[in-house]
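Inspection log for the structure reproduced underneath, given as structure tokens.
By letter and in written order, the chains are A, B, C and D; residue numbering begins at 1 in each of them.
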Amino acid sequence: MRRAPLTLLAGAALTGVFALAALVSLLWTPFDVTAMNIGARLQAPNAQHWFGTDHFGRDVLSMIMVGARISIAVAVVAVGMGMVLGVPLGLLAAANRGGLLDEVIMRGNDLIFAFPALVIAILITAVFGPSAVNAIIAIGIFNTPVFARVARGGALSLWTLDYIRAAEVSGKGKLRISAEHILPNIANLLIVQGTIQFSLGILAEAALSYVGLGAQPPMPSWGRMLAEAQTMISFAPHLAILPGLAIVLTVLGLNLMGDGLRDSLDPKLRRAR
Amino acid sequence: MLGRLKMGLAILALVASPALAQRTDISVGMVLEPPNLDPTSGAAAAIREVTYSNIFEGLTRFGPDGSILPGLAHAWDLSDDGLTYTFHLREGVQFHDGAPFSAEDVVFSLDRARAEDSTNAQKQLFAAIETVTAIDPLTVQVTLSQPQGAFLFNMAWGDAVIMSPASVASNATNPVGTGAFRFVRWVQGDRLELERNPYYWGEAPALERATFRFISDPSAAFAAMMAGDVDAFPNFPAPESLAQFQADPRFNVIVGSTEGETILSMNHQNPALADIRVRQAISHAINRQDIIDGAMFGYGTPIGSHFAPHHPDYLDLTANSPHDPDAARALLAEAGQEGLTLRLMLPPPTYARRGGEIVAAQLREVGIATEITNLEWAQWLEQVFRGHDFDLTIISHTEPMDIGIYARDNYYFQYDSADMKAIMAELEVTSDPDARTALLQAAQRHIADDFVVAFLFQLAKTGVANADIEGLWENAPVPANDLTGVRWAR
Amino acid sequence: MLRFALQRLFSLAISLVVASLVIFFVIEVIPGDPAAYMLGMNAQPETVAALRRELGLDAGPFARYLAWVGGMLVGDFGTSYTYRVPVSELVLARLGVSLPLTLYALLLSTAIAFPVGLIAAARRGSGLDAGIMGATQLGIAIPNFWFAMLLVLVFAISLQWFSAGGFPGWDKGFWINIKALTLPAVALALPQASILARVMRSAVIETLGQDYIRTARAKGLSQRQSVLRHALRNALIPVLTIIGLQFSFLLAGAIIIENVFFLPGLGRLIFQAITQRDLIVVESVVMLLVFAVILVTFLVDMAYAAADPRLRRRGA
Amino acid sequence: MSLIRVENLSLDIHGTPILRDVSFDIAPGRVFGLVGESGSGKSMTSLALMKLLPDGATRAGRALMDGRDLFGLDEGAMCGLRGNEIGMIFQEPMTALNPVRTIGDQVAETLVIHGAARRAEALEIARAKLDRVGLDGARFPLDRYPHELSGGQRQRVCIAMAIALRPRLLIADEPTTALDVTTQAQILDLLRGLVAEEGMSLLLITHDLAVVAGLADHVAVMQSGRIVEQGPTEALFRRRAHPYTRALFAASAHRPARVPTARPDTLLEVAGLRRSYALPRRTLFGPAPRMEAVRGVSFALHKGESLGLVGESGCGKSTLTRAILGLEAVQAGHIRLQGQTPISPKMPKPARAAMQVVFQDPYGSFNPRWPVARLVAEPFHLLPEWPKDARARVEQALCDVGLTAPDADKYIHEFSGGQRQRIAIARALINRPDLIVLDEAVSALDVRVRAQILDLLARLQESHGLGYLFISHDLHVVRAITDRVMVMRAGEIVEHGPTEAVFADPAHPYTRELIAATPVIPPAWMEEPRNAPVV
């Protein structure tokens, strides 16, 4: 119980650093992130380039800042997409619990889970070509059943409560009850799950752009920076280590924040501590 | 099969004891796995890199320097009208399955390659052939419809190898040829094993066993070399690592030439690119040395036209389009194309992906914006090469002596020049060496002056091998890993 | 139990039909022609047409769908366009790598996660628990391909304890292959173990809060005894689900790791088949993976029933 | 001479005081009753004795058993003591057993863990103990799993487990609260027999004075962590020295003053109602068997009348309630409210306005994210349009139920259980309905709060002319608040009539059984204290 605010704080601080870097990068980066200077390539971190330069002589710090923007944007939109699609489906399934619609929605969910995610992402980009938007779609598709499941699970336990009965007796329909009573009361669950999916989204974006399916050059992205740095790891280790650390720390921050949020939002768990 | 394998293992165990004997096995790394092993029905370079000269042989063959050497034909005569070749075949040659090799096999193979339903990827090699006749078991006569200066050269290609009618159907998975090595097995996705052909007609190779390993990931390739899992990597995929191998006495870095002219191709159907001023501006915007340094870590030779620098008829035309951003900007202004945006489609190889990023940055310098799209090979072929749906692309044309593509109708970059076509048509019927040189140089100058595309650099062949291995090809006149002359020095 | 099983089998069958339709028609719209890919830049149009005929690509999509599904029903997955060998042969060979790798990684992650999760749960709130939880957070946050890169750098290139990758083949002996699979399995297992340890911990903590644990304590069981005798088996149920999910994830999700260690596994087969537009291989392997996942889910459900007597009699 | 002696037990959890100076003695072979309302600290007292307190608990005082201070023992010694010297059973038998292990196994475990027997032998003893608690070997083999047993049967397993080693002290924490009244009577009988036979002491913790009256030799009354009064049962019951004890007793026997308001016109008419559910198929292709929850129920409720419906769990009263509320479709029969459209899930909204409901659980009855004003106003949704004076009507309703207008802006977590039930009633009143269905509406409340709510209900009935359908398992309450009563069993109404008549002279054997099983405080003990003998 006393640990919750600490993890929340640490997580929020970590996440905040990268969110801030992403925001700042909209207005300013130490160097032009696309400007190449072949002559100044592969510099180790130094006074001028704090994080060194890459094989094209671009400033790594600038790239990591812009990369944060891409990672966060992709993950946020993908999670948003998963929520917007998944939550109504989950609410609908819970409202018709035991019914045909519930069965269809849940089987559909299982089916999506059954597809190997990375393979589907590859197929999607094979159809539409690689881009950040398609990475979002691929990640969003796999977020949808997660949110549907969480929403349904949370909603199911609420549907047994008497205030839902009271609303029914007040003549309210399933949709209205779902919107007025269920949704606000599963918001906590969704926020916590959203944080977790957000961190998974960052990892997924990194993996997709690592295999070349994410944001396209010249837009830098952490995953692609890693992929490009991989062959140079033995003589320019900063290129492989720094973007990797950026991923690890962002994901770590989000996970800590999710844990902290859960602890402070869910009184049941708070008691269990 | 298993018995043979066990025996092989036993031999391996014997010879592998330290200092007892030279090693007679080799593990060769390749980036791409061949989709199948039939070079007469598929274009993949990987098929040739495994089979050329090792398993399959043609009437003639390329030497390491690109010269044409006798293959299954030890000699040939050309009629005075230049239309009839008479090939004298080697005696005592047999296929790996024991079937004897004869003139009938040559007739079969050439007829199959040029048949209506042929699936030969280079069918144009055989276009000039009128008839193929077996005079006797060791003599074949090929009649051409018109004289062809490059006929013997064509017959040396991997697509023109001789197969036996008995085994042709299964060559895709179990290749049966006449070469110095025979196929043992292929673990798809991992490796392919060959062993010495004891009945080989020529000099027996020094190696008893050879394994090709397929490692597509550049860093995995680096790790495999460093860890000694692979003995040689003739086309090493990560030029940035070569410096490290060079510094390591355990390894030899082999830098040679290829036939790959790497160009920034332009689609002449795009109205902006149809304007020679825009094309010239792009050529001036390009800094070739930066691209070679940035993308290939210094490996590669700048070119100013579409011709291999190691060829005797080469002209250095790089001064025709020097790096000059101001000139580029002026030309664009003159053409009224400030604020031009072009789509740059990039196939998978490093030269294209990395080169593309540098090109994009250089074009941005002169005010041309680019939208980069990375494509897989299949998409690139469909969209760019066949669909002509692109503005710019970077590609290495790896066929030898392929300046003729600038005279082709409806070729993907849509260049249409009557003058160029005339030059190439004349070349086709010219056999006098000096006249040919003049024509080839005229062609080089013509396309350079027309700024048909932006010529970037000649792709280098950068290989890495264990320092004790000798006999690997330095250059790549054709895609091949000819192992017949490879041996361990210690 | 039988009824329960039959019910699940029926919905399994429907899922498979829907999956086959989705897979086939999604893959159909992928641009790129396998024949054109195989014949390259110099091929003439009629040559490409001839190859398309030879591969059976000239038939309509619907006819090809029926042929594909019909073939699968009798165990014939068709012939690879590029490799020209039966797809089933390809897949079997790849499974010989992917399956052991998956099991190895799963074994590792379970072997790490179980004790770690249990200890953390038993010492809940202690410094040890905090340390373990922190470590698992880190484990989850590390991208496995990056971890794999570092493993290769340290253990293959610098120390040379392991080879950098590759797979000798089962005919070369057992241990040599296990050794070859060790680094990839570790790279795959680390994040999975972290997740599993966390699930294990919270499942045990949740069961420790149950009334029957209090009952057990009132009977005179020590904290430790009540964990081992009562909490563990009940906590296994959520853990089992995660293990089931991880199995399917690892089976197909190892593409990147297979690339880093150049292992000839299923993931790489798919990746390669997509780039080569060997569509029939893509379709069949994706279908097979979907089938595997659905089957594992089914088996996990059945395992639940075996582990939990309340489910055992459901609908019996 | 006492078996266990608790001296000045005080307890804080995370700094919150829970118990203060609790002292009592339990004599060997005697039953000691600990009575109090929820939150009074009675369960914590028992957990303190077992040293099974939650994390963050700090304790002072002593608990002497054979001269040893239990609080001074280490954990190992306590493990040897628990289950061996002191056995314990809990309130909720449904969750008290490990669902994945057999009952024989769990009973035998007590023996094995204390090294009293090897496994095979332990199973034999387990068999004997299960026989002793009334689970015979033929119907309840050792390999049964808990989910195959009913709540009462599970509580018997728990008892068998607790007495397997014949402990000298058995602690029973609300052992019958979760059970039906007839089952409760059986379990209480069993405990009484065990104490007599085995010669052990029993610490019986309960909120129900009548249960204590029937079983305990000594009683202690707890309030807010303190024992306010203790003594021999009868003496204490008669004397009621402490004001709190008096209040408690008064409330448990409380009967609100009611003015008959019933008029002859029919408000609610239920005729031939049937509802059944499909059960899972037994064979693969055979028809699914059906569970008939309601089997042909007919009755009428008149305007201003209070009609009771009693029955044990599973008798079908929940299904009937849901059908009357129009939340569930029925297969046969009909329900009409004031002779209008039949009630069904598809009935038009305005038709619902004449009926409202109050549920049992004061905590689950309100959306925690809505202010009280919005909660209470929710039934306005049934009106053709939102009333202009909505706020005034909400405030009026709150005042009607004894709350204040400013309460409208608070959130539900700021109210106690009894206040919440008042808000639920306000919500039910807001549309001025004719009928309010009270579904176990006072069952979750402590006796004193319950008495207040019953008074409120009686007053509202009089002032608003309401009809009540009062559904409960608690016969006391039904008797206190209804004009007529119906007894339901297995989906049928087995007896109905004027409340007093039914209670005074039950006709149906089941009614008689119910009444007999209900624990009562001997009426003689309840006379005014001045008549009590001085002890």
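Here is the rule we go by: a residue touches a chain if its C-beta (ideal position, glycine included) is under 8 Å from a C-beta of that chain, and two chains touch if they have at least 3 such contacts.
Because the structure is a prediction, the values reported are computed rather than measured.
*Asks:* Which other chains touch subunit C while also touching subunit D?
*Replies:* A
*Asks:* What shortest step count links subunit B and subunit D in the network of chain contacts?
*Replies:* The fewest steps needed to get from subunit B to subunit D is 2.
*Asks:* Which chain's C-alpha centroid is most distant from that of subunit D?
*Replies:* Relative to subunit D, the chain with the farthest C-alpha centre is B.
*Asks:* By number of C-beta pairs in contact, which two chains lead?
*Replies:* More C-beta pairs are in contact between B-C than between any other chains.
*Asks:* Can you compute the centre-to-centre distance for subunit A and subunit C, using the mean CA position of each chain? Integer Å is fine.
*Replies:* 22
*Asks:* Cα centroid separation between subunit A and subunit D, in whole Å?
*Replies:* 47
*Asks:* Where the centres are mean C-alpha positions, what is the separation of subunit A from subunit B, in Å?
*Replies:* 44
*Asks:* How many angstrom between the C-alpha centroids of subunit C and subunit B?
*Replies:* 39
*Asks:* For subunit D, give me the residues that contact two or more of the other chains.
*Replies:* none
*Asks:* What are the residue numbers in subunit A that touch two or more other chains?
*Replies:* Touching at least two other chains: 126, 230, 233-234.
*Asks:* Please output the residue numbers of subunit B that touch at least 2 other chains, ranges allowed.
*Replies:* 219, 376, 379
*Asks:* Which chains are in touch, pair by pair?
*Replies:* Chains touch in the following pairs: A-B, A-C, A-D, B-C, C-D.
*Asks:* Give every residue of subunit A touching subunit B within the complex, in rising order.
*Replies:* 34-36, 38, 41, 55-57, 126, 129-130, 212, 216-218, 230-235
*Asks:* Would you mind writing out the residues of subunit B in touch with subunit C in their complex?
*Replies:* For subunit B paired with subunit C, touching residues are 5, 33, 35-36, 38, 41-44, 116-124, 172-173, 187-191, 213-217, 219-220, 223-224, 226-229, 348, 376-379, 381-383, 385-386, 399.
*Asks:* Sort out for me which residues of subunit B touch subunit A in the complex.
*Replies:* For this pair, the touching residues of subunit B are 218-219, 222, 238, 240-241, 243-244, 290, 293-294, 353-354, 356-358, 360-361, 364, 372-376, 379.
*Asks:* Flag every residue of subunit C that touches subunit D in the complex, lowest number first.
*Replies:* Answer in residue numbers: 2-3, 6, 125, 210-212, 214-223, 225, 229-230, 233-234, 307-310, 313-315.
*Asks:* In the complex, go through subunit A and note every residue touching subunit D.
*Replies:* Per the touch definition, subunit A meets subunit D at residues 161-163, 165-172, 180-181, 184-185.
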